[in-house]
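Labels A, B and C are assigned to the chains in the order they are written; within every chain, residues are numbered from 1.
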Amino acid sequence: MSAYTEGIICVLCINAIAVMGVSLVTGYTGIFSLGHAGYMAIGAYTAAILTARYSFYFIPAIVAGGLLAALIAYIIGVPTLKLVGDYYAIASIGLGEAIRLILENGGTFTRGARGFPGIPNYTNLTVAVCSFVIMAFLMFNLINGRFGRAFKACRDDYIAASLLGYNTAKYRILSLVISGFYCGVAGALLGGFLLYIKPLMFDMMKSTELTSVVVFGGLGSMSGTLLGMVIITLITEVFRPISQYRMLIYGAILVIIMVLRPEGIMGQYEFGPGMFKAIKEKFKGDHYSEEGRKV
Amino acid sequence: MMAKKSNQNVLQLENLTKYFGGVPAVNDISFSIEEGKLAGLIGPNGAGKTTIFNLITGVYPPDSGKILFWGEDITYLKTYQAIGRNMARTFQNLRLFPHSTALENVMVALQQHHSYSFIEAITHLGGWGKKEREIKAKSMDILDRVGLADRANQKARTLPYGMQRRLEIARALALEPKFLFLDEPAAGMNPEEVNALNTLILGIHKELKFTILVIEHHMDLVMEICSHIICMNFGTKIAEGNPMEIQSHPEVLKAYLGE
Amino acid sequence: MPVFNIERGESLGILIQQIINGLSLGSVYALIAVGYSLVYSILMFSNFAHGGFLVIGGYICYFVLKDMGAGILIAGFLSLLGAGAAAILTERLAYKPIREKTNNTLYLLIASMGMSIVIENIFVVTIGGRFRALPDIIPTTPIHLSGMATISAFDLISLLAAVVFLSILQLILVKTKWGLAIRAAAYNLRIASLMGVNVNLLISLTFFIAGTLASVGGIFLAVRYTLYPQLGGITIKAFVAAVIGGLGSLPGAVVGSIILGLAEMLTAGFISSQLRDLVVFFFLVITLLVRPQGLFGKDVGEKV
């Protein structure tokens, strides 16, 4: 396998972990965040400082990155909980940018806007793939059980959810914290892959990329998110020669999806036995019109 | 006053008042519901009936007054805390999760009492498999009881209206409550469906021995199944008693038929 | 640069200077924030593509001045027209089909993000991302204030322009039939449509106004910071100003913008220029924690 292919797979794995986190919080729990690149930044810088400056072994460094990001997500999440829709989106942009600005102004500790070089190369193919497999395993398990159902209930109708006894605040915070962890880990892995990070890598553009992948794949479908990410990453690679069009294509995809098919590629379906049953139900079973009459 | 334990007041409202803007939606309301009763709350539109439900279930706090549930003061509890005291409610305007199936709607409710830990959830180890199967099986039971077993995998928003109302009740039942609040369960139903609903509610009441409080407009439903009726108008209580008393009460007739 | 070393007389001078700077910056923010809040008040969604209209205005002005050699008035007029038209086009292409299908504003939000990226990158791809300086048509001659401070004519002109345009907007809203329709729609769009207002035309008009206001702001920003495709990114500060003032409230947008402009410039003058961006987000956080509906916003509850 060529170094190029290895690199692509590493990038895919890293991005996959990040978008799974964003998918959980935006697609499943309905919190539209545009600041998750900030958590990647926290994870990346934590792992970079721990490994490059204090000679930590990489695994605890990555976990520490994830945990710190999760902690910040919690600290930010609690006060911003009561914000709805657009307000939260703006807050998340603000907070994401604030994280980036703090890192840029971090003096010698974070090496500022020029970036942090000299990160040891701990993210090789094995590490990336294993990390992805573990994180994916945990995530799919989580959403295929009572937590997935609870998150979706909080998303679909938080008043109804609270009237079923759900402390919706608790579930939303949990979802934010987990997504923070995932993005932190992804950021840490990214640092070990690029060997160099700078705050500008984790700006609002990056956050928008993460969120648009989730939207493209389908809000509420984890497998759709992964499928969407693979498609978009591959398209980006194919178009690398004309890479200045890359962002233009991103933007256009977002608009087109929202106009034509807002539910994304997969809608709310997941790959797996459930999907076939659901599709069968839709086509072969009894047909019901919107009002519920049998047609 | 010494009341026998079996006739304890499950729900007690004392001088409950709630203002919206300058208008009292609920004005100094007091009543009690005894354990095991099937009670009804009636009154014209805008009388404040749903507001009472919202106050009890913690959607917003009252401006003054007290709400006692099984003797405990629940006046200022948040919604999920109130529900946690073993009550459940349905909605006038239906609040199903539209994109989830009927079964999933019930499971979301049922899993509250059949839970498992976070670690078990992310690893699928431990008793996870067994508990998930249990949640699913018990949810199917409840769907069966309300007659929706064959629609289990259908998306809630594509169900016919009457079935959606039954699903809403099924979801409330899945919470295994001791007190059930039904907010206009028969809204929009034809007489045939109302009859079926009556049978359902009576059946639930007899078999599971809940206390039930129903808000309803359909006089036939309320008169037929409720043993204790409270009538409101413009936020105040204008009558209280058994169906016979209410039917002939002059204030009630005035409220419904006009002067 | 710490303030401690500065003489008392000097610091007063800096204060005045930064206040004028702040008002000038705030007035530009106000032009952007008002347009943004106007759209929000009607459609209840944050149009993240608003910054795009700003950039379009800036570029039209630049090319008219440079390639057509026209004067500032013609350039300005064409920018306003162009940005307004672009706004209408954006609405018709991207937002109208979505809002006809669903009430969920999340999809509009995401589409607006997409349009923002598209507009910015159309410029990157076609004209190139390099910084361009606008020809010197807005005078930046320094004006000395009795030996205490030196401000630029530019600041006064941008303040004046903001006042003029916002006054025109106010007149439109209060004195014209369509202004009344907009105010009605801001209160309740459905009822306005039931009363016979042509909703689609109204929305197009609103976007046109928002686009023109943004382009005025864009021209001034381009003079201040030079012109480049990502200049629209500065709109995030105008968004913050609108939130501080209360999303959907036009006077709120103005007040929020002034506060923000002053805060930024006073921080830059007395504390540090790097911290000025952080101050913006500091205000955002405080607002969202203490009074999320902003200074003039209304609390919207949900009916159960």
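In this text, a residue touches a chain if its C-beta (ideal position, glycine included) is under 8 Å from a C-beta of that chain, and two chains touch if they have at least 3 such contacts.
No experiment lies behind these values; they were computed from the predicted model shown.
Closest chain to the protein centre (all Cα atoms averaged), using per-chain Cα means: A.
Of all chains, the one whose CA centroid is most distant from that of subunit A is B. By number of C-beta pairs in contact, A-C leads when A-C and A-B are compared. Taking each chain's centre as the average of its CA atoms, subunit B and subunit C sit 50 Å apart.
Inter-chain spacing, taken between the CA centroids of subunit A and subunit C, is 31 Å.
Subunit A and subunit B have Cα centroids separated by 39 Å.
Within subunit A, contacts with two or more other chains are made by residues 159.
Residue positions of subunit C touching 2 or more other chains: 304.
Contacts with at least two other chains are made by residues 59, 91 of subunit B.
By the touch criterion given at the top, residues 138, 141-142, 145-147, 149-150, 152-153, 156-157, 159-168, 220, 268, 277-278, 281, 288-293 of subunit A touch subunit B in their complex. Those residues of subunit A whose C-beta lies close enough to touch subunit C in the complex are 32, 34, 79-80, 82-83, 85-87, 89-91, 93-95, 97-98, 101-102, 104-105, 159, 204, 208, 211-212, 215, 244-245, 247-248, 250-256, 258-259, 262. Interface residues of subunit C facing subunit A in the complex, by the touch rule stated above, are 40, 45-46, 93-94, 97-98, 101-102, 104-111, 113-122, 124-125, 233, 236, 239-240, 243, 247, 274-275, 277-278, 280-281, 284-285, 288-289, 292, 302, 304. For subunit B in complex with subunit A, the touching residues are 57, 59, 78-80, 83-84, 88-89, 91, 95-100, 104, 107-109, 111-112, 115-116, 118, 121-124, 128, 132, 135, 153-154, 157-161, 163-164, 171, 175.
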